[in-house]
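Each chain carries a letter (A, B, C and D) given by its place in the written order, and its residues are counted from 1.
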């Protein structure tokens, strides 16, 4: 059976692959709502992550997450750089020194991280048409799964992904109130937020990795 | 897409290299971090830094030098500078008197500068203050938006703060002065043609042959309204009226104005616009102390311009006219 | 056609008005004749004049001031200035030491300046000398053409002659020096996008989405060769090699360079080009004393750039770096 | 019967009308070979001429021609401004003080004027693809007509126009060696020179005026 660390690194690798592949899609989504740089930035960031994969093995879970977060914050730039960087860094900080055999550290960490992301964006809320619209429902779903005693990671992530996708779907009809898209006001309606797609791809990639590589 | 570039991902690096080799004595460059800093020795002053995505040249790497910025962090095209670059930049310019971040109000810029401030605080690095610049009246400053954007009015902030910092003012006073400038400047722009980012290779939005975008953003974001193309008198009146009525600027106010090209518009057209702004101000009893007409804060090859007005006081006037020594120049 | 203009026939007049109101203390304007002259008092110097069609801004009305031109005659868009304007202009700048016409080599400019000289001679007006500037290596200098065109290299002539004239040199010496500068400067340009004149309202020539025009003229004339679009390294090498091999510039020569935007190309791309020119010069053992990167001599909204090299001597160097006080500026 | 002065002014008026109408045509011709300003310049010049028509009556023939020439040189700018201005001014100068009842002063004056035009352009010759390609044959034709005793102005001008048109036609296949078109070298072949069209329109307009207004 794979160690938690192997799984985490595998998931990060798979996320990197999938987000790099999504460059065009993210750029296209960032055109009507923003400045068309989301795809190229995310690609640059996760290509940098791919380069540091070999170094991750010598770190513990917390430091792996922080290292990935800083790599993203050092290479992407822009809002997505800050938000994705913050996401990984704060998740890493939250689990630091905690018992990684206790599954409950993960919903805690994700909630901590989500809170900093929301603060970083200027008090972002669900409904503002940002990646929070996918991230928050997914985090809530994970919290609920864990609280109800669910221990199967695939099924936890399947539910989280469904929640993220649902949030992404809803973002289409939202009026943006945060980030660059907010300048458009009502003209932002009708376009899906690219950040929500990043979140969906991340959960999707994690799930894919778990399904094909881990004996559950 | 036809541009004078090589690979899209090398655009910023090659531009900064060109900047450095063209100003070998005055400008230093850390290529990996896209940090541009002044090389002439200075002491006993607060370090003044600005940073944002690239694609707005000459803003802001080209404003680094005596009397203006001490360093600039250039992000990738249209993407806020990265955390590490901001942190390093602050360390480079610090002379023990602290560092002032002048940040245009965009979510990405704010978030990255905020992360950098937290990191510097954590590392007991130089003391940092941040002033957010948000002069764009095209965006409603409400809880329903990310707030007003920072656009060409930032140039007034850099100029005045740069000059004041050379006099040895402390961090707190400079931050207060920067707020004061920001509170007295308003801007609005429009586009006739959208820009094309090197990475995307096609325009960031579509504009028909008879359309224009009013209140456009500096990053190729569409503006607040799409209208039919109008002649200069009407366009420039729309912009100037929006700016004047916002602060509002009033009869007998003394102002400085910027007519700022967005990158693809020739200087001749900017001067036509400047003449119109002068007429409007004259009719409103607003006295123009100094007029700045050029490309200051651009959006790659976007065609169009913005109009900025700054309400002056004696200190602003004094600090506006001190000389600068910066890479962007004619001779 | 979308431009920041009102009626096409008012473009030049409104631009010059904008120039004047933006520089009320330093610049005088005679609107009917499109004459721009410096208002600061000067005595005991030869009057330095240039003139050509408009559409090349900042060339040349924006270069009027201490240390550069004493006056400029702006023609209609792309049409040489008119006879009467040139004659009046000469009378305005004359301080009893004569007048030097710096004329870029175009049939229309030469013919009008020649008519003006004849008229001034007939009227016993100020003594006039004319120096023709022809730095464009794209045109063969043979009896089969109107001869090499004058392009951005003219800026070096204005700058050096302007500085020298402030020292009180006489007309003959200035004319000789101007010839000398002209003999040591070479330029070549290319276009990615043609320009659109206000009167015509559509591009002056057609360029496909993957084409570029090498050796293009400053007036929207097509160049000497149409090729496929190439990346910056290749384009700029083509231009720089053509310039270097023409004079030829040689190992150990010391030069000043201009990377000149044609009006619609953002400054960022010009700096990428400047970096490439530096590398080429370095590889050829040519030492760059000073680099000028900006829009100096444009072709309305044309996209593209030109590269100019000037071989220096100690006098050129001294005269290049003296300060100027001209309308085109940042601060 | 109309006086010589009335005819001259009438011809100038008709030329002005026709050249103003030709703006678009001249601009189109000046696009492939030049800088697309020929039409607007010529229009500006002859509109200015229209404005001074009322003042011409008080002048003699020589001064009328000079006044028109200076008006053109003061308003057109560019090569066409210099050349057309020179044409009228030098024709006026040449007939100054001469017996205007002697028809021979006209070929003399046109030859004088042509000579200055050719010098002004940098020693322009027939075959260089400029307005000289129409003007010189027309002047030669007028010289020949007068020398052979032809006294009918309509028939003199008909022949001159035919010669000008022939020259304009030939300009199409020429390689430009003077003026802006010369920069194109061989690429100038296949396009008619706009200046030759100006000359043709001038003779055509003169003829039109004479035919419909003068009893010959």
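Following the convention adopted for this analysis, contacts are C-beta pairs under 8 Å (C-beta built on N, C-alpha and C of every residue); 3 or more make two chains touch, one makes a residue touch a chain.
Keep in mind the model is a prediction, meaning the values are calculated, not measured.
S.K.: Provide the C-alpha centroid distance between subunit A and subunit D, rounded to the nearest whole angstrom.
M.R.: Chain centres of subunit A and subunit D, defined by C-alpha means, are spaced 77 Å apart.
S.K.: Please tell me the distance, in whole Å, between the geometric centres of subunit B and subunit D computed from their C-alpha atoms.
M.R.: 55
S.K.: Hey, how far is the Cα centre of subunit A from the one of subunit B, in Å?
M.R.: Whole-Å distance between the two chain centres: 32.
S.K.: With chains as vertices and touches as edges, which is it: line, ring, star, complete or other?
M.R.: line
S.K.: If you go through all the chains, which pairs of them touch?
M.R.: Listed by label, chains in contact pair as A-B, B-C, C-D.
S.K.: For the complex, give me every residue of subunit C touching subunit B.
M.R.: Residue positions touching the partner: 2-7, 11, 14-19, 21-23, 54-55, 57-58, 62, 159, 192-193, 209-210, 212, 229, 231-233, 235-236, 263-276, 278, 291-296, 298, 300-301, 303-305, 323-324, 326, 328-331.
S.K.: Subunit A touches which residues of subunit B in the complex?
M.R.: Interface residues on subunit B, with respect to subunit A: 8-9, 53, 75-85, 106-108, 110-112, 114-115, 138-140, 143-147, 149, 197, 199-200, 204-205, 217, 219-224.
S.K.: Where on subunit A does subunit B make contact in their complex?
M.R.: For subunit A paired with subunit B, touching residues are 27, 31-32, 34-37, 39-41, 44, 70, 73-83, 85-86, 120-122, 175, 177-180, 182-185, 187.
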